[in-house]
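Residue numbering begins at 1 within each chain, and the chains themselves are lettered A, B, C, D, E and F in the order written.
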Amino acid sequence: MYPLNMKINWFKYSAPMNFYPLAGKLIPIFWLLAIALIGLGLYWGFFKTADILNDQKQYYRIIYVHVASAWMAMWLYAVMVAWAMIGLIFNTRLSFMMASATAVTGTVMTVIALVTGAIWGKTSWGTWWDWDPKLTTFLILLFIYIGYIALQSAIDDTRRSDKASALLALVGLAIVPVIYYAVNCPDPNECASLHQESSLKRVESNILIGMLVTTLGFWMYSFATILMRARNIILERERNTSWVSKLEEVNR
Amino acid sequence: MSEFFHMGGFGAYIWSAMATALFLMLLEPMMLVIKRRSVLADIKRIKRLEERKSRR
Amino acid sequence: MILEVKNLQCIRGDRELFTDLSFQLEANQLMILEGQNGSGKTTLLRSLCGLYLQDEGDILWDGVPIQKQDENYHRDLLYLGHLNGIKADLTVIENLRINAALAGNTPSLDVLMGALDTIGLYAFEDFPTSQLSQGQKRRVALARLLISKAKLWILDEPFVALDVAAVELLQTIIANHVDNGGMVVLTTHQEVPLTSGKIKRLSLNEKPLDDGEC
Amino acid sequence: MILEVKNLQCIRGDRELFTDLSFQLEANQLMILEGQNGSGKTTLLRSLCGLYLQDEGDILWDGVPIQKQDENYHRDLLYLGHLNGIKADLTVIENLRINAALAGNTPSLDVLMGALDTIGLYAFEDFPTSQLSQGQKRRVALARLLISKAKLWILDEPFVALDVAAVELLQTIIANHVDNGGMVVLTTHQEVPLTSGKIKRLSLNEKPLDDGEC
Amino acid sequence: MLIMFNAFWVLLKRDLLLALRRRSEVFTVLFFFLIVISLFPLGVGSEDATLKKIAPGVVWIAALLASTLALDRLFANDYVDGALEQLTLAPQSLPIMVFAKMIAHWLLTGLPLVLISPLVGLFYHLPTSTIGVMMLVLLLGTPVLSMIGAIAAALTLGLRGGGVLVSLLVLPLYIPVLVYGSGAISTSMVVGLSIQPYLLLLSAFMLLALIFSPWATASALKISLE
Amino acid sequence: MLIMFNAFWVLLKRDLLLALRRRSEVFTVLFFFLIVISLFPLGVGSEDATLKKIAPGVVWIAALLASTLALDRLFANDYVDGALEQLTLAPQSLPIMVFAKMIAHWLLTGLPLVLISPLVGLFYHLPTSTIGVMMLVLLLGTPVLSMIGAIAAALTLGLRGGGVLVSLLVLPLYIPVLVYGSGAISTSMVVGLSIQPYLLLLSAFMLLALIFSPWATASALKISLE
């Protein structure tokens, strides 16, 4: 009735048993890439753009970390929702594990964006925090991440916690755009043009390169930590299976 | 060199931003490694327990 | 009407409770589920109701997997778990009436009072159930059996908290249902002499309690 | 040590559960409390513990009313009600250790593990109790009996949810306690052959269930 | 179809009957709302201008909090006594039954807030027209709160610390309602500005919530009961 | 005496251990506090002067609400699983045990608020000295909240709608702390005024609560268990 062999082919790496060693091989690669790219991006930003920045704008150097983490924070939310959705549709355990592994790294990125953003704010506006739409959205994003993690850790039963948090992520997906709209445009009478000019357009191309390279490095970092966390989750959940007890690291 | 660290008066801010990012991005993998060790230790303990029991 | 279970597997936490469990139950049959504490009886019963999703295998009602026919199956099903499912703030008779209405029945007052009488709660009909003793609460829950039109009863330790008279009564009720073409699956730790119909016994003890560990 | 009950009366809502109830219990005695559902057994046991304040009469421990000697009496008392009193988030062994500590005991790890072994929870010591089945949770609660130094045990339907092996085990535990100079008051609806010591039976059925109303 | 409506009415009536038995619960939510409202002048000071300024926000925040707090009554009691598992096993559509429970919940917690809100107007010296607007937006907004909240309540069923957890999940999701709800009230105090866009947005939220939340909540319930 | 302290430590450790098992609960209260704090600028608007003006009240109201919400963890879990009835039967002084539970509760819900409060200072653009005062008054006031709250929590044990009911009982009792707590913060923003009287009053409240609340709570527990 079911296309069984198809299923096995398609879902080969969706079995934690197969995914675990694969992830183990990928992690060092991602770490290397992350260090290299972040190093390169920051080197570029700190040493190759000095002439562009006149003395008042030195603080622009925060942008490399700030923008990279801000982007990652948003991207990882999308990734998390995608995993959750796949999990709910195909009922694959691994997708749920990936979703929860992504959430924590996303939270870390959000925190970095908020902290570096706040520091930037102190340098450029003279205040640590302002209730500007972008910042507020980010704060709310942090709350939503935290809610996801809190729900997950409040439920012991892994099956329930997987599905419950996935559903929450989906609900979040539906509401987050509305929140974004509401925060950006609290007064619908004056909100004809939502598309304010992207701040990116005002950035020098030279700085942009550094930013993009750093962001790529942050991507690699996220891959690495997500895979590490996924492996931990797999070990924890499958600790009584025979394949885990045959693992090299267990028998050492 | 000190001029580089000074960064036109913004050194403290820039470096503290970098430091927080670095700190968090080192802390996260460190926690992961610690967690991995504890999970592995747990698995080993379960295994020992089973072996002891099968001998019983 | 047949309840078929095919190659069922359930895993709780990291313990495999049962694998490859297959059986079928027909009209006029009673199945007694046996097993030590923690052997997975409750888990199996909840899977049979569709409240717990099995890890492998199928549960078929009339040949169709129960996940694919929620309301149809639910019309034929009556489940009584560890919890009574009665509202403490409502009176005994309100509880009974609402439960029946949600199951799609609208019994007359006489029927309801008759059921209460039978189950030993005569003159308690206007008590809020919060003021009943443990065993009396259980009786309110059991009164549903007398009103329900469901074919398949799934009862998790129905004899708990009942006194001797009530246990006997419940035995008769179950026997009657089975004799009239019903099916019952139940668990109990008490030795209860259930005589009528074809009795099947299923033991979950094959895997001893600490199988994984010893 | 004597537990004396003199002319006890309890009224719940508007029903008089019992009046003029008097008995006494000495060392090496076991008292089985009998009665239909709703006859007031739980109420009586809770009054004996001081958890429910009787309407009339006295409960004396060693000649002193129990209300006047809280901690003294509590040191000699072990109560196990319908609820298990174990924390779902703690592991089995943590639960046991903390319960013992609050009762004033500090048993060694060996004693604790021994108790778990006896009660059939060997190798479950590091499980959070939330992941145990109903009967296993009950066993955790019962493990306290093995550690406690209390003289008077008050057990409300201790056999509920236990499987046959566990019921037998508990019988032995109770018998041992009674033989060693303890006292036990318990209720149960199951026919449990308790043989040792002097057994007293007290029935609360004198007033039939629906006495007031029919 | 008929049987569907039957289940709807039975449950609606049951929940209202239960509330009737515990009338005090309805008043508790109401008084919570009023207490929060009246704490602000105590904490912030009671200058007229300040009060007018903060009134829209305070009303809505108090409404969010009251409705969040009341959420744990939506399913928690039914979960504990096993009635909920019986509901999911009833031969009726679960989303319909969930919808009935949401309606009952709004009637018992949202509607009273709408009706009491003129009092807030008095406390904070708001003009009459503003009070009307406030009632209107509360009428449009509080059902959305109940319906979004129901999803979170279903997800956190039976979890320890459920009360705070549910607030954590739900308050960020309430933000759009808060922003436009309080926006409408503030705008109504400014001469010449129209509040119509606000009302349209709030109605749109309500419509969306009506369509999606019963299904989402029903799925969440099934997940939680496993 | 020794055995008294023993029970105290055992229970304190038990409650902290339970919290450790559910670390997320501590964070939930914290984030609830932060969310409430950040709802206000969204609802009220974010002008600098308004923010500074409402900050003292908002901080305290958020603290009151967070600590109220967390109250149902104090005894409710122990009540439901029967641990509470075992505690009252333990051969130990009940007030001492109750006191241990209060301390644990404050460590888990009050102290984190004190530690996080500087963030509120940033959000609302408060001067540094005011942030210091805010932490100090929170440190003095939150234990009082836990201790008064414990009485109400004990009284409402096992009642349906306990969550809202407890808030209803307790919020009016919190008003003195609210008034002097926020008063101290506002005063500290005015040059030349001393906040010492506020601190003295808050300390007096704490002392009174320390003396009476364990006994009151223990009696309330006994009543609720009957």
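The rule is simple: a contact is a pair of C-beta atoms (placed from the backbone, for glycine too) under 8 Å apart; a residue touches a chain by one contact, two chains touch by 3 or more.
Bear in mind that the values here come from a model prediction, so they are computed numbers and not experimental data.
For subunit C, the chain with the farthest CA centroid is B. Contact counts per chain pair peak at E-F.
In a homomeric contact, the two copies may use the same or different surfaces; for subunit C and subunit D, over half of the interface residue numbers are shared, pointing to the same surface.
Averaged Cα coordinates give subunit A a centre that lies 35 Å from the centre of subunit F. Distance between subunit C and subunit D, defined via averaged C-alpha coordinates, is recorded as 29 Å.
Per-chain CA centroids place subunit A at a distance of 32 Å from subunit E.
Each of residues 22, 77, 160-161, 165, 168, 171-172, 175, 179, 226 in subunit E touches at least two other chains. Shown for subunit C are the residues in touch with two or more other chains, namely 53, 82, 89, 210, 212-214.
Of all residues in subunit B, those touching 2 or more other chains are 49, 53, listed in ascending order.
Those residues of subunit F lying in contact with subunit D across their complex are 3, 6-7, 10-11, 14, 17-18, 21-22, 77-78, 80-83, 85-93, 225-226. Those residues of subunit F that touch subunit E in the shared complex are 22, 24-25, 28-29, 31-32, 35-36, 39-40, 42-45, 50, 53-54, 56-58, 60-61, 64-66, 69-70, 72-73, 77, 160-161, 163-165, 167-168, 171-172, 175, 178-179, 182, 186. Residues 49-53, 71-72, 74-75, 77, 79, 81-90, 94, 98-99, 101-104, 128 of subunit D are the ones touching subunit F in the complex. Remark: subunit D residues 128, 130-131 touch subunit A in the complex. Contact residues of subunit A toward subunit E in the complex are 140, 143-144, 146-147, 150-151, 154-155, 157, 159-160, 163-164, 167-168, 170-172, 174-175, 178-179, 181-183, 186-189.
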